[in-house]
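When the chains are written out, they are named A, B, C and D in that same order, and each has its own residue count from 1.
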């Protein structure tokens, strides 16, 4: 059976025109639309077979009910629990997660914390002049990737939405456009650019400020070299920006994870504002996971804040740098943690993992990974977008509904969380709280 | 909807749709609906207090992409409204951009039971609905933006009103929307290139004018028996001297016959469109001219979009307007253009009584309400949160009801109010009957919701009732304001949801949406063009575009047949 | 005069997790007029539960006070996970012996806090008045704004004996900050009033400032490329270069003054 | 043979992405337990492709396989995001919530130690 309009649940591109061949309740082939990474996800990998609880150092298989009871017991007893992940699952699950966090007075945080969290902080400082990806496809004649390498991280991005795509005023595709790549490394993306600007590592902030000064007409104050870039190259970049009819900067973790962090993004946005005095200019973060943005959306409309929300007092206290996962773990603040659809074992700094090995950890995930190595309760889940449906938000805030293409006996995240919440409430009722 | 019977006795009832003006009258509710009599009811003694139908807000931005972007980029606003969860309520945050839970609770505490989300970008309609589901208590609907859509522009250009009709039917259905929303027609498309449009300018590349768009959509809307007229945010919002454009826009649809007994055009947040002068220096109120137009014509209704002094978050699909505002303040600014359809801009703004411009703006909104003679033509709004948060409605009510309060306020504000606004010279004071009109009767009628049980307390109506903790004789503006902020009781579908100013129950609201029934042949032809747009220009597929039923778990469908 | 001694009990920080105690309820103006038993019953947050002060701290009260000005709170024990010390304080004195956690002196309007050790991030956040002395190092966001706000510190005086982290005085609008050691990245970011003096080195100071004054007595690493040299100046007998900026905010707004050697 | 000072960067790669759901596999190990460097830097420390290097920072040390290229200029080294990179990055967020995943000062030298598989690497954090 051929299923069309399948939505890829991998990266922030959320390609929604996949064609998938399914036979005997199994994905046999991804015929169209997906990049190699998305394809790999759909074709599947080895799964966690059964719920399990760690006893005397090793995981023992158990029933869903037992694992859920155990998880609920850990969470209900915790004084400073952390609920983290939420980006590779659907908004429906995120909503239950937030309710659970509210019930137990937890800190809830998603992977934006170690990805585009700094971009959110920057938006809170200066806003975000942006647009949907279709706008870029139809109108953009200047595309800048700054500290972003879509060839490796968002493989369909250029083809579907930006440099190579064809739209209403860009019918000739890349012939009608210029591509500038700014990076420390000459990435695969840099190799196909019209202009590659190699920047000194950690000096993005200075370069943005120099470009702002030039865009505003203060050529005389800018020195001959800034952050490893010559004034001549800076002036040429400014010329291309001013001459464009519609410019867009996509930025990635090259900027958010380097020295300066969120303030690099503030400055990138300030550069966009300066460019906007000459022509239409927008800017967009290259969000990583397919629903990292969705969690930020749900968390914002429910708590008022996008991530790193501390609900210990029953209302939201938002303060990344304090209430963000890395700080909580490195400072050893948490006494229990639940990880869903994420893998801190692979993606958190070692110092964080050292603390996680000492406190009770619950993992909800379809796949075994480094986190499984220290998790005390492991609960396997259905794969969102393959085995269950739900809402996700693309990197440009467009909501799309994931489709289910095969059946499964694994429970979806939403249901697992609902059961944990129910169990937590039962425990609290018993305690008379 | 609550099962069982409820009797509200000893209330002084203001139910303008049924002509009830301050009568001591019992209200009987069974299974969520108003009935003639009840047998074995739970009794609420209103004790001579003011009783009105649940409030109906005709225009407010409470859910969807730009509202949430407003919340997201204003953690400083978030902390101005933090409240911990209770046994009944979820956590609350925000002042001008409250979270979804606070939105429901705070409206309900003011006695409102229906709110229209005034701008839904079709491509992001799922988002609007996802938030709406998370707003407790309130019944709701949303207006999709249809005026800058390439399909609309193409059909306006070619003059194919029938195909335009097919498109609006399709998009209202696809978005589970309620009617046709128009925001800066043509100007938002122009903004995608950093430009803007006046009423008779040509939209870049599309060879149509905003005037042609408004007229065509006005005609197309009346091809169906739509409950609501076109809902228009006219061009040049917030520009000194824009009142001429505003009235010229009203004139465009004057000759169109409505398909139902209602206006042909609802003009929203009219305060922002009633400006005289040529720049911010000689800026003045032209509320008198606009009110005069509305008084002399029957095809237009307005809502006032009145200012609440203080800090707020402005947000609109009118991208160029937000850019102008940001250029004045230099504060944070978010813009989000939506492919083939619309856009939006957001920026915080402080309305200060020390500023001559803000002071005159503040006067204009109230002048409109006071100078339009027939309250059935005017609705109370703040264009939440643009002119101020909805939580400021009780302030406005007290202003409209008390000349003394207006005088006291004006005395603390910039003296420009005496030279360049009419407010200080207006003696009129609203009575409670008129307040009930501009907050429920008129709004329900203009939206066509009175036929669906909203905005009144006649037999068959929804059992939505607000009991305000004041006697009808109350004249103290401060006490009036307090009473309208926190009801004695708010009853929703026969269930007490607020008691003594506290939320005590949080049932889910219903989502009202309209299904325009278009001729199949026309739809087929329109779809050829639409599918081509998806094939080449949209970034999502045709099949993934429409809002799935899962997003509207509590639906209330209103069918709109083609006009015979 | 009254002295209130609060010593954090050892067992509070002895577990695997070091769960912060939040003490914004323990300022001189909030405790004045309370006896020892009453102070022990004041609630403080420890994680997601409220506890009595007496459960977490050894409490000892000496002397009497007629007003908050006459109250001195001395905090002892392991304070490295005690947050919000002196948060919102209006008057009186707090002395914290040892390293303190985040938000020390945040939003204070009066009185004096002395930290005999280091203070973690957000010390003096949105401070309006009074004095904060940190004898050791200060973490990031010293005297900065809360996220999204456009005003940080507006008044009062802060002295850091050691080094300070990133974004000292972000969005500062008034008051004075003296850093005796070095300041990390972006001191005075978005500053629009007040005065920052850095006796040691600084990295990219003054970015996006529109008013106020920064003086760096040590070396500047990575001078912002959007500042304009105005003139030579002499301060306390030493030669400085006076720069005006930040031009990246437009020339019209760029009224910040940056003195560097 | 010498030790070099480098600025270390971590980040996504295609092969890392393809094995996101497959982290306990050989493929992931091969794709992620590597360090890409400029050829001249490799020459300088006397390591050739597929030989091991030890990367050391103030936050830890890890042994990974050396790879040529990745577009790195001299003095810049790249380890794909994952447990090996994270053994040496900094958890100090400077009050912003984000660890320092890019731009960490590191020392790199040739190593005869083996590259630890995921499970063994995780064991280092236990106890």
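FYI, contacts are C-beta pairs under 8 Å (C-beta built on N, C-alpha and C of every residue); 3 or more make two chains touch, one makes a residue touch a chain.
As the structure is a computational prediction, the values presented were derived from the model and not from experiment.
*Asks:* Applying the document's contact definition, name the chain pair with more C-beta pairs in contact, A-D or C-D.
*Replies:* A-D
*Asks:* For subunit A versus subunit D, what separation do you get between their C-alpha means, in angstrom?
*Replies:* 22
*Asks:* Return the distance between the CA-based centres of subunit A and subunit B, expressed in whole Å.
*Replies:* Inter-chain centre distance comes to 34 Å.
*Asks:* Measure off the straight-line distance from the CA centroid of subunit A to the CA centroid of subunit C, and report it in whole Å.
*Replies:* Measuring from centre to centre gives 33 Å for this pair.
*Asks:* Touching two or more other chains, which residues of subunit B qualify?
*Replies:* 73-75, 78, 332
*Asks:* Among the residues of subunit A, which are close enough to touch at least two other chains?
*Replies:* In subunit A, the residues touching two or more other chains are 121, 124-125, 259, 311, 313, 318, 320-322.
*Asks:* Two or more other chains in contact with one residue: find those residues in subunit C.
*Replies:* 121-122, 140-141, 146-148, 167, 185
*Asks:* Which category does the touching pattern between chains fall into here: line, ring, star, complete, or other?
*Replies:* Contact pattern: none of line, ring, star or complete.
*Asks:* Subunit D touches which residues of subunit C in the complex?
*Replies:* Those residues of subunit C that touch subunit D are 121-122, 139-141, 165-167, 184-185.
*Asks:* Taking the touch rule as given, give the residues of subunit C at its contact with subunit B in the complex, in rising order.
*Replies:* Those in contact with subunit B are residues 146-150, 253.
*Asks:* Please name which positions on subunit A make contact with subunit C in the complex.
*Replies:* Those in contact with subunit C are residues 78-81, 104-106, 121, 124-125, 203, 205-206, 209-210, 212-213, 216, 218, 220-223, 226, 259-260, 263, 266-267, 270, 274, 311-313, 318-322, 331-335, 355, 358-359.
*Asks:* If you look only at subunit A, which of its residues touch subunit B in the complex?
*Replies:* Where subunit A meets subunit B, its residues are 4-5, 7, 16-17, 91, 95, 99, 102, 120, 123-135, 137-139, 160-161, 166-169, 245-246, 273, 276, 279-280, 282, 296-298, 300-306, 311, 313-316, 318, 391, 393, 397-401.
*Asks:* What residues on subunit D touch subunit C, complex-wise?
*Replies:* For subunit D paired with subunit C, touching residues are 94-96.
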